[in-house]
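The same chain A turns up in both complexes below, where it pairs with chain B and then with chain C.
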Partner chain A sequence: MTFELVLVLAAGLFSVGLFGALSQQSIVMIMMGIELMIGGVIVAAADFWHFLAPAAADGQVVIVVAVVAMAVEMAMGFAVTTALYRARQVDTTDMARELKG
Partner chain B sequence: MEAVSLWGLGVVALACAVAVFACDSMARATFALLGSLVCVGGVVFVLGLPYLGVVTVLMMVMEMVVMAVFMVAYMMNPAGLMPMSMLHNKRGALGISAAVFASLTGAVFLVDWPQRRGSPPRDTTFQVGKALMGGQMLTMVVLGFVLLATMVAATVLALHRGRYDRLGDDLDRCPARDPAGGGVGR
Partner chain C sequence: MSALLWALIALPLGAGAALLLSGRRWNALAPGLGLAAAAGTFGLAVASAVFRPEASAPLFAGVRAGLRVDGLSAVLVVAVAAVTTAVLVASPGELGPRENRGRFFGLMLLFAGAMTVTVTATTLPPLLMAWEVMGATSWALIGFWWHRPDRVRAADTAFVTTRAADLGLYLAAGAAMAGGVGSLDLTALTGAQGGWRHVACAGLVVAALGKSAQLPFSFWLSHAMRGPGPVSALLHSATMVAAGAYLLLRLHPLLVATGWAAPLVAWTGGVTALALGVVAVAQRALKQLLAASTSSQVGFMVLAAGVGDPSGGTLQLLAHAAAKSALFLAAGAWLTSLGTEQLPALRGAVRRHPLLGAGFVAGALALAGLPPLSLWVAKDEVLAAARAQSPGLYALGLAAAAVAAGYSVKALWYVTRPLPHDHDHDHDHGQEQDGGRRGARGPTRSVSTPVVVLAAAAVFLGVAALPGLSGPLRGVLGGGQQHAPNPWEMALSAAVALAAAGAAWWWLPRSAHAPRTASAGKRWAADWLSMERAARAVLVRPAFALARALAAFDDRAVDGAVHHLARGGLTLARGAARADDHGLDGAVRAVAAGCRRLGAWARRPQTGLLHQYYAQAVVGFTLLLSIVLLVR
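Our next item is the complex of A and B:
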């Protein structure tokens, strides 16, 4: 039963993050939503590794990939935010409708 | 014991995740996200992966502290002193995420999961290290290139004036075009 409940936790984290990524206007808050979604992926991967296939390392490798994805997303998100803000003093998605420099 | 700590960590993780989008104060939202992701690291730890759990916690602490700085720099309402809605299409987003949650949860309980195969190794850190340096080497190489490309691209994007702004497209302008004069021979 614990296996299913941890998967529900992962689904909950993913859905809360999805709500944030869809509904927030601020670019930084959207990134927080995406972080939560990747957090859900990490929980699910650890759960699958522990309860289904502990002898294979693949579950652990998925966690490594997810953590790297988090770092890359943060770095690129802040770089794009900085570039966008410098070019047109914009910090919300609604004000950045047309993607031109 | 394992089930109790998983329950505790899971409830705190979900509560903090909801608080991220319920708080007015951006600083509080950032630290709620930190709490949620630290609990994610804790869940990974309890599930028998101490190395990856600790790595996740350490990385999240650093990331969220950096994020707090950016939040205060870029948000229109960093301290939450002026309650305002910063949402768009709230109802649609709620509907979509509720539908996703319902279908994922339904799948979790409907799928006929396989039985556990094998037993965990004595040293899980050794297991992941051996995989990354052996069978999963391609994954590791790709991750390395992705991180390198991210470093270069993030620097280029965040740079105000690079050498091509100063020295021209062929890097041969002399003297360099700088906003303020000065220096030797200018």
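Our next item is the complex of A and C:
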């Protein structure tokens, strides 16, 4: 039963993150929602590895890569947010719509 | 010696061309320069007559432009130069200082120069060129007062008629070439082979008859009267009409060689002499009478050419040239000073200007062929030659001589009447009738002098040809003695002329007051035998009808096809353009519009709002997920 429980936890994390990403105005808050979503994915991946193929080390590598990617992503995201704020005092997504097609 | 001959033709042609080109610029000098050139030409002509120069120059391959002054040419060259000089002396009186004198004198000199080349040419090409120049300048001279449409029409008629006959010369040249006479030498034409000799002869005869206003072509002379008086005087005496007679005299051997041409020419000349004499009698205008008489008198020359009597023909030409130029100069002077040329209105003209009148009377008496004046002698020569040929020709010539006396006396009778009391009224009448140019000037001495000189020549030239004294002239002309007239012939013709003159003198006062009910025959004669109307009906109208039909064919068929082709091409092009605009271009434009609409649709989701992107991503993933779940 632990396998399913952990999957439910991962789904919960992902859903909370998704809700945060969709509902929050502040860029920082959205990024936090995204963190939660990626966290859910990582938990799910670890769950699958641990219960379905514990012998292979590949799963661990995937998880480490995902964590590294998440860290880089966050560093980039906060850097952009900081630069945006410095340049234009913008901190919510509705105020930055330059990419309108 | 050839330099003399070149100078003889270069002087009038060169001076004429220079004066013609100068136009009005040297208007004051033109008469003097023209007269000087004419006098110089006369001197050169006399010198050439004495020294008999000969010249030739290469013209085409195998054809030389030959010029020579032989006996016949010598007489004619001197006559042409003398008459030209006399006419040019009289011309300033006719042409006021405000006229374009440069053009007039230039054209007159060109005309005389062309005649000089004609009578000296020994090969066909220079003869042809001079012949053409003469025709062209005669056109320009007859139409000299070109502001008046009727004069221009007259010039056109004269030009087209003589020009049509001139084509005979081209035919003759072509036939001579085809017949093996490569040199186109006039004396060698007799040697043309086969039928070509006949063709060449026919062409030459037609050209000569046309230029000389012989029977089928006579009507152009009537129109040629529209030109200035001096032009008529020159055109009708030693040049133009004389050119045809000269050519026939010159080519007598060829006429004889063909067998048919000599009698044809002789009879044409005889019939013309009689018929145009009758026409002259029927005329009521002085210049028209003189014109018809020219045709008639030239008929005697043509008759002489036909019966082979060059000396008689030449003598006739000389005597006629002197008499006729004097008469025309006087008629022109009267037309200028009295404003009319209608015979009834000219009553008493002789008494008004005695010197001029004396010249006119002498000229008219000579023209009547009264003994012992020159034309009587000349005519007797011709008639003697004609009698040797055929009695019929002799009778015809005698009748023509009687008619000549008739028309001369008619002109004489009118102008010698006493001055009418109401002559002012008469003038107005005359002016109405002919619409002539009325000048305020009287005939000056400049007209009277040449008239008297020419009339004196007309009177006394006959002496040179009287049987006993004709030796020198015959020596010059090189003709034989074979046709010397018998004394009884001379007496007979003198009697005929005197009787006709007397009858005319008796009859005229009775007819002048008779009611003017002209019979049909008289009207026919007064209308120059309706020759022009006949020519119009037979030649001009069909030619125009044919031309019009061909023009219509050209417009409708040839031009129409081209037009239809063009119109079809245009329609096709328009259709292609429409297909291009609506089809190809439309498709391209529709593709572009569709792409643009797709682009617009693609832009719509790109709102720039992060939330909406997320929402779209969620929807997309949900769709993917549901597809994966459903498909699996």
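Keep this in mind: the second predicted complex is superposed on the first by the 98 of 101 C-alpha atoms of A that agree within 3 Å, B and C clash if a C-alpha of one lies under 4 Å from a C-alpha of the other, contacts with A are read in each partner's own complex, and residues count from 1 in each chain.
The criterion applied here is as follows: contacts are C-beta pairs under 8 Å (C-beta built on N, C-alpha and C of every residue); 3 or more make two chains touch, one makes a residue touch a chain.
What you see is a predicted model, and the numbers here were worked out from it, not measured in a lab.
Participant: Determine, under the contact definition given at the top, whether A:30 touches first (chain B), second (chain C), both, or neither.
Facilitator: The answer is second: A:30 touches chain C but not chain B.
Participant: More residues of chain A are touched by which chain, chain B or chain C?
Facilitator: B
Participant: For A:87, using the defined touch cut-off, is the partner it touches chain B, chain C, both, or neither? Pick first, second, both or neither.
Facilitator: So A:87 meets neither chain B nor chain C here.
Participant: Once the shared chain is lined up, is A:43 touching chain B (first), chain C (second), both, or neither of them?
Facilitator: First partner only.
Participant: Is A:16 in contact with chain B, with chain C, with both, or with neither (first, second, both, neither)?
Facilitator: First partner only.
Participant: Look at A:79 in the shared chain and tell me whether it touches chain B only, chain C only, both, or neither; answer first, second, both or neither.
Facilitator: A:79 sits against chain B, while chain C stays out of touch.
Participant: Considering only touches as defined above, state whether A:4 meets chain B (first), chain C (second), both or neither.
Facilitator: first
Participant: May I ask you to decide whether A:95 touches chain B, chain C, both, or neither, giving the answer as first, second, both or neither?
Facilitator: Touch partners of A:95: none, neither chain B nor chain C.
Participant: Can you give me the overlap between the chain B contact set and the chain C contact set on chain A?
Facilitator: 18, 22, 93-94
Participant: Note which residues of chain A are touching chain B in the complex, please.
Facilitator: 2-9, 11-20, 22-29, 31-33, 35-36, 39, 42-43, 46-47, 49-58, 60-61, 63-65, 67-68, 70-72, 74-76, 78-83, 85-86, 91-94
Participant: Using the touch definition from the top, list the residues of chain B that touch chain A in their complex.
Facilitator: 2-3, 6-7, 10, 13-14, 17-18, 20-21, 26, 29-30, 33, 36-37, 40, 43-44, 47-49, 52, 55-56, 59, 63, 66-67, 70-71, 74-76, 86-90, 92-94, 96-98, 100-101, 104-105, 108-109, 113-114, 116-121, 124, 127-128, 130-132, 135-136, 139, 143, 146-147, 150-151, 153-155, 157-158, 160
Participant: Under the stated contact criterion, what part of chain C meets chain A in this complex?
Facilitator: 602-611, 614-615, 618
Participant: For the complex, give me every residue of chain A touching chain C.
Facilitator: Residue positions touching the partner: 18, 21-22, 30, 93-94, 96-101.
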